[in-house]
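Each of the two complexes below includes subunit A, the first together with subunit B, the second together with subunit C.
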Partner chain A sequence: MILNVTFWAFSALAVFSGWRVFRADSMVRAAYWLLLSFAAVGIILVLLKAEFLGLILILMMGGEMTIMAVFMVAFMMNPAGLNPMTMVHRNSVAIVAGVVSFLAIAALGLFARFPVARAPAGVDPTRKLGVELLGNSMLVFQTAGVTLLAAMIAAIAISSARGRYGDADQGSVEPDQMVTAPAGDVAAAAAHDPAPVISPGVHQ
Partner chain B sequence: MTLQALIVVAAALFGIGVYGALSQQSFVMIMMGLELMLNGTILAGGSMWALTTGGSPKGQMLVVVLMTVMAVEAAMGFALVIGIYRVRKADITEKIKRLKG
Partner chain C sequence: MNALRVVIAVVSVGAVSVAGIYLAAWVDLLVGRAVAGLEVRPLDALSAPLRWGAATALKTRTTTERPDAETWALAPALLAALAAVGLAAVPLAPGLLAADVANGIVLFGAAMALVVVAVFLQGWSPNSPLPMIGGYRFIAEGLSYEIPLAVVLIAAALPARSLAIAPIVTSQEHLWNIVRQPLGLPLYLMAGLGLAFWGPLALPEGQDLAGGSSLETSGVSRILWRTAQLLVLVAVAAMGAAVFLGGWLGPLFPGAAWMIVKTIILLVPLIATRHFVARVPTERYVVVSWAILIPLSLLDVFIAGIQALVAAR
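Moving on to the complex of A and B:
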């Protein structure tokens, strides 16, 4: 009974704060509403005996939403939410798409027949997950780690102020690779052929 | 709490995320829509693990992979926001109608 009430309270909190994300007048507040939604889902996961997943979800999102709030301050055009802020396009299409996806997934959940097999009592799911992470599923775990490393490198490469051949906004065109001829050869060629010598590094 | 109720809550989070990702103009708000969709997916994955798999840790592994997806999405999203602001001075989608830089 208490478990059910707690579950419904946190479900309502998750959905309500998720909805407030797109109704807040300040982007920083939107970030913290989103954090609240993640925290509520994390607590529901803890109630479902997935303590490890729930707690790392809250920890991860705490860090990520703090970074996001800093980003919001950097990019937002409405500091402190003093003015009403709506920046939407194709609002009605988006509402229809959201409602349709909600109804489709909810119908799947309500009408599909899923097997019923609860986790047996007396077994520690966190311990089992730890053995799985460093046992049978170690390849998955390692692949996730390497993917995160690749994402870090890619994030630095994309957001760096300098590209490989100069400033980032100059694109990735290589400079000319023309070999500079020795001075004597250039003079001889100019005497033989009066066409202008193209100096290296000058784009046509 | 039943599996049906959990899936309906996850579907609501996903639907709000779809609305946000499609309707918002600011890049960072679009990212929040994507995160909300992943939030619903994580809830669905966690509840499926708890109520249908008999406690097999493979179900939790799926949620771990989903969290990796979320971290990669955030890192790439922030990097793209910075990159596109540096090149185009754009912070909303309407400012990047041209593909050519």
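Moving on to the complex of A and C:
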């Protein structure tokens, strides 16, 4: 009884907050409505006895939605993310796509034949998951892990404050676009024309 | 019988929260006066948190231009709720556990990972520049404390071969984790300071931002924000006592008494850092964390792993 009420309450919360994502008028609000939706799904996973997966989902999404909010605010040129904006674009296409995917998922839920095999009692799902990740599928997950690590290091290298053209907070100095004349030519020009010569390529 | 036990556990989490917050505020005041060379009057200081609360509640509430009022009101409540969930994951005595889950360490980690959301929203929602900078600053340093915190907790769980906290406590029957994993507790406490944005790591609320993320927060919200911050420290100290100092284990006295003593032993130095250690610049903290603290925490989990392998033989 309590289990059912909890399930329906958090399902409703997940759907409601998922809808609010598209009604919010700010990237930050939208990101945290989405976090609330994910947290509700995480609690449903806990109810389904996938305790570790549910908690890990909440743990990961807290950081991920925050980073997403920061990046979206940065790309939207919307300082602080407080300025009103709309989260939906190209309404007719979006409505068709939304209705079609809802019908597809609803049809799947109604007509698909789900397995009814019950998990045997006394199984520790966390342990099973660990054996799966670090036993049979170890190579797959370790490969994915190293790939992600390489991507992370590359992203940090690209966004690092210490760049090729100096520190980012000092303002970068562009490389010379002009071919610097050999020193002899400059001296000859100076001898010909007594006006001060500003040599291209020498930063004052 | 089971329901009764849950009720007792939940009530004791509430009692520990209130007592812990009050103790933290009291110790903070006493240490502050002692360091400043003022006369320490413990009995007078006992009523000081209440006087501060009354004065703060009675002050005129300030507001800003076009804040996100709902989020602003909810951010302190979110922080308090997360700290309470973290504390609920800690067993106060054998069987006295409010959140009796098989993955207690993960529950604690999930609650603490969401603290960044509460601090960011507190800084973002007033629509004011300095709080917002504080909020963004907390995101920028987030991983610098989250990774060492998670890694040393995983190392502490290794000897128990369980993610539940009670087996981690009982696995320390012969040797506490503070001895077995000497790197664990110092790294954990440093990460805890970052998590609670307290003392040397009060970066989102630093004086260089004139108070940062809670600069514009006043009235009851301010009281709740401060108490929630102290509750984060209490939760960090309680979890540290359980996973590094053997939790309820100890001779003669009942387990709960040992747990309370050990929590206080960790809580007092955490609080006192505010008066003894200068605030660290954000950039230096992030660099030191990634270059030193995170590698050390990986070394810690490596040592714990080798010990677990040797013990399994």
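Just a few scattered comments:
In the analysis below, the second predicted complex is superposed on the first by the 135 of 204 C-alpha atoms of A that agree within 3 Å, B and C clash if a C-alpha of one lies under 4 Å from a C-alpha of the other, contacts with A are read in each partner's own complex, and residues count from 1 in each chain.
Please note the rule applied: a residue touches a chain if its C-beta (ideal position, glycine included) is under 8 Å from a C-beta of that chain, and two chains touch if they have at least 3 such contacts.
Note that this is a predicted model, so its numbers are computed, not measured.
Taking subunit A as the reference chain, the count of touched residues is higher for B when subunit B and subunit C are set side by side. Contacts of A:162 after superposition: neither subunit B nor subunit C is touched. By the document's definition of touching, of the two partners only subunit B reaches A:89; subunit C does not.
Contact with subunit C, but none with subunit B, is seen for A:29 once the two complexes are overlaid on the shared chain. Looking at the shared chain after the overlay, A:58 reaches subunit C, while subunit B stays out of its contact range.
When the two structures are aligned on the shared chain, A:118 is found in touch with subunit B, with no touch to subunit C.
By the touch criterion defined above, A:67 lies against subunit B and subunit C together after alignment on the C-alpha atoms of chain A.
Across the superposed pair, subunit B and subunit C both touch subunit A at residues 52, 56, 60, 67.
Taken in their complex, subunit B has these residues touching subunit A: 1, 3-20, 22-29, 31-33, 35-36, 39, 42-44, 46-55, 57-58, 60-61, 63-65, 67-68, 70-72, 74-76, 78-83, 85-87, 91-94, 101.
Partner subunit B is touched in their complex by these residues of subunit A: 3-4, 7-8, 11, 14-15, 18-19, 21-22, 27, 30-31, 34, 37-38, 41, 44-45, 47-50, 52-54, 56-57, 60, 64, 67-68, 71-72, 75-77, 87-91, 93-95, 97-99, 101-106, 108-110, 114-120, 123, 125, 128-129, 131-133, 137, 140-141, 144, 147-148, 151-152, 154-156, 158-159, 161, 168-169, 171. By the touch criterion stated above, subunit C contacts subunit A in their complex at residues 66, 68, 71, 101-103, 106-107, 109-110, 113-114, 116-117, 120-121, 124, 127, 132, 136, 139, 142-143, 146, 163. Residue ranges of subunit A in contact with subunit C, taken from their complex: 26, 28-29, 32, 35, 51-52, 55-56, 58-60, 62-63, 65-67, 69-70, 80-82, 124, 126.
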